[in-house]
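In what follows, chain A forms one complex with chain B and a second complex with chain C.
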Partner chain A sequence: MESSRQSSYVRKMVYASLFAALTAAAAWISIPIPLSPLPVTLQTLFTMLSGAVLGPYFGVLAMIVYVLLGLIGLPVFAAGQSGPGVLFGPWGGYLIGFVFGAAVTGLIAGAKEKPGLAWLCMAMAVGDIVVYVFGVAQLALILQITLDKAILIGFFPFVPGDILKLAIATVIAGKMKV
Partner chain B sequence: MSAVRRSRKGRGGKARERIRYLPGDSFVHRLDPRTKTLVLIGFTCMALVFTDTALMAATFGLLVALAMLTGAFRHWYGTLVKAMPFVVLVVLASTLFPRVSWGPVLFAADWWIFHPSVTPGGFVYSIGVGLRLLTAAGVSTLFIMTTRFEDFVAGLRKLHVPYVVAFSLGLALRAVTLMSADMKIIMDAQRSRCLELDAGGLLSRNRLMSLIIPMTICLINRSRNISSAMLCRGYGYAARPAIYSRLRPGPGDWIVIAGTLAGIAALAFL
Partner chain C sequence: MSGAEVFQYIDGDTYVHKLNPLVKILFSVFVIIAGIINGDPLVLVLLMGIPIVALIVAGMIKDIITQGKMLLIVFALLILISVLTVRTGEMYSVSGVGLATYDGLLTGVLISLRLGAMFFAFLLLVTTTKPGDLVNTLVSRLHFPMDYALMIMITMRFIPTLQVEARKITEAQAVRGFKPAGLSDMSRIIGPTITPLLSNSIGRAGSLGHVIELRGYRSNAKIKFTEIPLKMKDYLSIAGIIALTVGFGLYALGYI
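Let's turn to the complex of A and B:
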């Protein structure tokens, strides 16, 4: 019993590292969209997946490690950016949101012992909304614009892509066992 | 003999330049990972704070000198060249739409809602912006090329970073290049099967699935292999994992630490 718990811990720790690396690599696949200077990337998909698959503790760890990779200078943030300037810039709220989004997704997904696809989808949708709450709030704060303008630039352009990513992430999270 | 052993070349082709640790015995390789972390922070601060192009050029020159000391200059240069299209784009945009501008206007136009203008001051400022990007990317690349994953984790442990965070950060640092190489291979494989990833964007279910499913399988395979290897070596059976490599800063470390701290202190006064 003890041995299986240890092996699960080690597995989750390795998964958290590789989820962070994959989130970083996913930033390099970007789709430019109108109305927003920030492109659509696959990062939110891996944020949701890490929370749903690894749970709140390791999901958050994966996202913290991802943000740290960017902070030490690796060009792993969207559009190949890096450094502390990005975290405190207008789009930095999304990065902070990744950490909290993974935590919320993990907490909701873990509330049921055997979550079904609908429950996982709901958990990831709430986690995704948390990412946007932080993202839009920082955008409005730093750019000194009204909240409705910030939502127009920082939320609506990403909705169609996120619905698609949510559907794919739900299917993967339903099949993936760590 | 070169300080860095020659990297293995691919089958009959040129070796793919990617950011990875290059074994070597140079002065920079021998530095304590904590010293290198401080240097990394120092250079990142300089890239963030300096707005003067001459200071930025001096900082970048210092970084080039450090890269030459490692004996891995060719490889370092190769990875920076990859970032050049993005840097050139940023420099061009900064030249046309400068935040700082002085001197006579050399070019001005009215394109729809855009009003670009080129001035000598704007051009000099944009060169500084490009150097800033190269410095930020170059110092982290140099750090990864000269620091072993095990030493980085041991260094973080010495700084009292929790083991789980230190280990995950070290592994992720190493895995970023592996995962991005995997992603490139998957994209090339899908293109060879006539999937048009560039035309019409990626936002379609089939295109996204054709990338995400193989990437997830790669992630699972790699995670299983690494965790099995760790468990085979008895990892996780002791509360505090033993680290056999002892890190001790040498005289070179103290000189570099003093130089970096002096640089950061000078920044505070500028």
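Let's turn to the complex of A and C:
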């Protein structure tokens, strides 16, 4: 965990699998919230972390593997769901957003050779916003509702939880090196 | 919940275990596609019933019951979500208060049945197929990229491990008197539970990476798989799947 040397390709692949598994397991730890049919889960915590810790390539790979597992039927999406119907349904935008969010976080975090806590926090915050951009856009598109209404049910209810998760992720990302 | 063995291979010597992994993969693909296309509850029940029967043949009644209980909770949640979000169609009211609509209930039941069909088909695939054979078939017959196949298998192995680990850490912290309750304690969970869970699992992943490297993975030598041969019962089962697909297609087009 503390090693400063770069891990090999194979080891990073295994770490990416671990983050995919963590994201999957996080879907089951959910807290129902008012205003939104989707519960708060710890998933975005691991999306942010996989980008920040694994970098853009392996971070994205981790999220792709996670989404693939859900697509083929493993109940790893929020509320124990799975299958292509979820990905292309109203709430599927967040899943697509996970992939892009991890990429953006990884790219920003990797832009500096030794990113400080503030930089990591910023990288993860931007990545998290990317997740919501995809989530809210698909929500508005599929449910045929206006963008402000989509933001009201698809973004605002999650803000307090995400600020907390961002703080947690910053602490962890600062300590973790793979 | 016996988290240790969720979605893991269970050894056996039944007809289903002996089938070529390709047959089970084809069946899963059929169930997923048919489940998406179809919106008839009866057909979806049938799609869910076939893998359940196959699991019974494979001697996994206990697993069906364990998983079924968990699935029922998910079904209830999904029906509740769609009843709350879909408000079109005929309204059912109790003493003047509109509780649910026909469309809302139907959507919930359809989503649940679809999920159930896919869930049991996938359960059948992974609990009756050796992980190695599954990777072999994915790579050698379906030309799936080796890295992805390996990562999917590792992820699937990690999920139950993480569940067991999380439970152990929570129990250990409970013994020490740490008992988080509610949202306000969310931030207090990190230190005592999430951090050890992450550092433990990262350590474990690092060791696994070492082992895979030691076995020569990605050392320029190409890994060759020998395809698992298809036997008579495999051809018969594939014929069965084709017959199902044709029957389903005819039904979907309105000929049956």
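As a working rule, the second predicted complex is superposed on the first by the 171 of 178 C-alpha atoms of A that agree within 3 Å, B and C clash if a C-alpha of one lies under 4 Å from a C-alpha of the other, contacts with A are read in each partner's own complex, and residues count from 1 in each chain.
In the analysis below, contacts are C-beta pairs under 8 Å (C-beta built on N, C-alpha and C of every residue); 3 or more make two chains touch, one makes a residue touch a chain.
It should be emphasised that the depicted structure is a prediction, and the values quoted were computed from it without experimental measurement.
*Asks:* Between chain B and chain C, positioned on chain A by superposition, is the outcome a clash or a fit?
*Replies:* Superposition check on chain A flags a clash between chain B and chain C.
*Asks:* Which partner does A:157 contact after superposing on A: first (chain B), second (chain C), both, neither?
*Replies:* neither
*Asks:* Between chain B (first) and chain C (second), which does A:56 come into contact with in this model arrangement: first, second, both, or neither?
*Replies:* Neither partner.
*Asks:* Which partner does A:10 contact after superposing on A: first (chain B), second (chain C), both, neither?
*Replies:* Both chain B and chain C are touched by A:10.
*Asks:* Tell me the contact category for A:110 with respect to chain B and chain C: first, second, both or neither.
*Replies:* After superposing on A, A:110 lies clear of both chain B and chain C.
*Asks:* Considering only touches as defined above, state whether A:174 meets chain B (first), chain C (second), both or neither.
*Replies:* In the superposition, A:174 contacts neither chain B nor chain C.
*Asks:* Let me check the overlay on chain A: which residues of chain A are in contact with chain B and also with chain C?
*Replies:* 7, 9-11, 13-18, 20-22, 24-25, 31, 61, 65-66, 68-69, 72-76, 80, 82-85, 161, 164, 167-168, 172, 176
*Asks:* Going by the contact rule at the top, pick out the chain C residues touching chain A in the complex.
*Replies:* Touch residues, chain C against chain A: 7, 28, 32, 35-36, 70-71, 73-74, 77-78, 81, 84-85, 111, 114-115, 118-119, 121-122, 147-148, 150-152, 154-156, 158-159, 161-163, 166, 183, 186-187, 190, 194-195, 198-199, 201-206, 208-210, 212-213, 217-218.
*Asks:* Per the contact definition, I'd like the list of chain A residues that touch chain C in the complex.
*Replies:* 1, 7-18, 20-22, 24-25, 31, 37, 61, 65-66, 68-69, 72-76, 79-85, 161, 164, 167-168, 171-172, 176, 178
*Asks:* Hey, which residues of chain A end up touching chain B in the complex?
*Replies:* On the chain A side, the touching residues are 6-7, 9-11, 13-22, 24-26, 28-29, 31, 40, 42, 45, 49, 61-62, 64-66, 68-69, 72-76, 80, 82-85, 160-161, 164-165, 167-168, 172, 176.
*Asks:* Which residues of chain B touch chain A once you look at their complex with the stated criterion?
*Replies:* Against chain A, chain B makes touches at 37, 40, 44, 47-48, 83, 86, 136-137, 139-140, 143-144, 164-165, 167-169, 171-173, 175-176, 178-180, 182-183, 201-203, 205, 208-209, 211-213, 215-216, 219-220, 222-224, 226-227, 230-231, 235-237.
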